[in-house]
Amino acid sequence: MTETTDTTPGWFSREELDSVRDRLPILYVNAVPVRTDDTGAVRSVGLLLRVDQEGTISRALVSGRVLYHERIRDALLRHLEKDLGPVALPRVPVSPQPFTIAEYFPTPGVTSFHDPRQHAVSLAYVVPVAGDCQPRQDALDLVWFTPEEAAGPDVQQEMTGGQGVLLRQALAHVGQLP
Amino acid sequence: MTETTDTTPGWFSREELDSVRDRLPILYVNAVPVRTDDTGAVRSVGLLLRVDQEGTISRALVSGRVLYHERIRDALLRHLEKDLGPVALPRVPVSPQPFTIAEYFPTPGVTSFHDPRQHAVSLAYVVPVAGDCQPRQDALDLVWFTPEEAAGPDVQQEMTGGQGVLLRQALAHVGQLP
Amino acid sequence: MTETTDTTPGWFSREELDSVRDRLPILYVNAVPVRTDDTGAVRSVGLLLRVDQEGTISRALVSGRVLYHERIRDALLRHLEKDLGPVALPRVPVSPQPFTIAEYFPTPGVTSFHDPRQHAVSLAYVVPVAGDCQPRQDALDLVWFTPEEAAGPDVQQEMTGGQGVLLRQALAHVGQLP
Amino acid sequence: MTETTDTTPGWFSREELDSVRDRLPILYVNAVPVRTDDTGAVRSVGLLLRVDQEGTISRALVSGRVLYHERIRDALLRHLEKDLGPVALPRVPVSPQPFTIAEYFPTPGVTSFHDPRQHAVSLAYVVPVAGDCQPRQDALDLVWFTPEEAAGPDVQQEMTGGQGVLLRQALAHVGQLP
């Protein structure tokens, strides 16, 4: 799962977290940012663009860890602001019921999801975004795709760790799977 | 189910609809209007106030029929505008998955829901409302209640046909059942 | 939507139903029969095989109308027994919440779903089936497919009216979208 | 959250786990065991009976930690077998989508759920149980209640940490909230 490090002080040092990651499932949230039309139907999906040190392009959903004593909806807002900027105006769902649970295993093939660093269990939500998105931190850009493009082979092969599957699960949930 | 008549021309006359209502389940939508805080948590629930010819007060959810060739989300928007006015700014959910199905039977006791006029099957959604609400048609007022008030005995006994149950199901779904 | 006629007496004649179908959305259920392993994970999906008068093969989900004064779960059981036989041992979900609503329009392109005969609104459920399936009525056979096969091009092109999309939405819901 | 200790070797010692519990949300599952009638409608809910050292009676849902490299559905099965015995024949849901997320905070009042030992985030599922239940470990008994009894004041006041709320959320989800 492409994730920026949580640098908030007072929780875990990097070394401590690495040690825990070998022995406990780590709680995550995944958000699929969407634009809707006036009737609430999803018209496009926002994906973060990242380029690694070898210059390989990848596209990713908003994702990150839930911290100690942090509510799910506060974690969602924090990661949405981290990845989309302060004026994205995300509308976090009223219900805590996620559309699915993505179980990222360090061993490939146990589920559709894989994270070599850890066993991460992610609560996944679709989040309508009404404002301007200005990607921050390690993302180069946020690009909007139609449901057809997002589920198509070009975008899907640029997504890693099973996030292409999660994106298509989100499209299925909102009734926009091509 | 407290409902205002659909007067849109070109579908059914009142007589024809009455005849069909004896022999076919009629498709409805129910919307639970809510106000949320900045994190998306539900803070209050909006209920329509109605007074019948005997002066009996009742409180009701937004509800109404789905018309021929009308999408669910368009029916939701139409009934929300009919009951809350044109500047309520409702945010119809991105997913067609309702939080429950309320089956109103003409015979009391088959389910929690009862409608003496018909067998109505209603897709139920929680709808955040961001704008000003100006109740129209046969509603006297729209009153906002905290989740505690909405689930309390005073409000519950003013709701009919099982809508008190449906309201508490909505509160359970958004994690606000007292 | 491939559907066998409801011949239960006392509801509508064929002519009356045809007349109503032009002016009211008709309530349906769709069931996706699945086999699971010991942990409840879906291992295969059952599709009905039909051959029309021109000899064209099509594959279909269990589907049918909800009758007047019939509960959703009774309609599900009736259509499952009609299509899978009396010893299929279907496990109708405990919750009335469907995984999605499929809106079949007589006009193609309004949604992903199309039914030239009518505007049908279908509540869709995944139903584990534990017993023996013996297709009846107009189905030639019931064939079980892995999630990969079911979502693959061969099966998908044999499904009509958007049921291929609905099948993939079901696979997404159960975490088995390839 | 009443929970028996995970004694599986190779994960965490009790001391290590206590240390982590102060700094990371811990992933849990909650299961609400139910009996259904032939149509899948919930007829009763099973609650574990516990007596603490002071002789205080409490009633609890099935609950427990998700271990490193364990799938959600395997954790559900493990805790169901731990609490209900080996022949309970639980039917773990086909979809990973929980009916809600219960966030147990060490600080009372942040959410409806409270666990003085830790910040636990629990994925909650309703699980039909078809076989014989023989409570094991620290539970004295498993008692079945009708939905009316389960939501009533007697049972509700015997539940702790907010599990009475979670139980009523489960009843709401299956359409059986009194």
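First chain written, first letter: the chains are A, B, C and D, and each begins at residue 1.
Convention: contacts are C-beta pairs under 8 Å (C-beta built on N, C-alpha and C of every residue); 3 or more make two chains touch, one makes a residue touch a chain.
To keep track of the chains, here are their UniProt names: A, B, C, D = ADP-ribose pyrophosphatase YjhB (NUDIX family).
Since we're looking at a predicted model, the values are computed, not measured.
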{"item": "Chains contacting each of subunit C and subunit D, listed by label", "value": "A, B"}
{"item": "Rotational angle, Cα trace of subunit A fitted to subunit D, multiple of 5°", "value": "180"}
{"item": "Contact-richer chain pair [B-C vs A-C]", "value": "B-C"}
{"item": "Between subunit B and subunit C, centroid-to-centroid distance (C-alpha), Å", "value": "28"}
{"item": "Intercentroid distance (Cα basis), subunit C paired with subunit A, Å", "value": "33"}
{"item": "Multi-partner residues of subunit A (each touching 2 or more other chains)", "value": "71, 95-97, 99-101, 111, 173, 175"}
{"item": "Of subunit C, residues touching subunit B in the complex", "value": "11-12, 16, 20, 22-27, 66-72, 95-101, 103, 105-107, 110-111, 119, 121, 123"}
{"item": "Complex contact set, residues of subunit D against subunit B", "value": "100-101, 111-112, 165, 168-169, 171-173, 175, 177"}
{"item": "Subunit C - residues contacting subunit D, complex", "value": "34, 36, 39-42, 71, 73-74, 77, 91-97, 99, 126, 128, 173-175"}
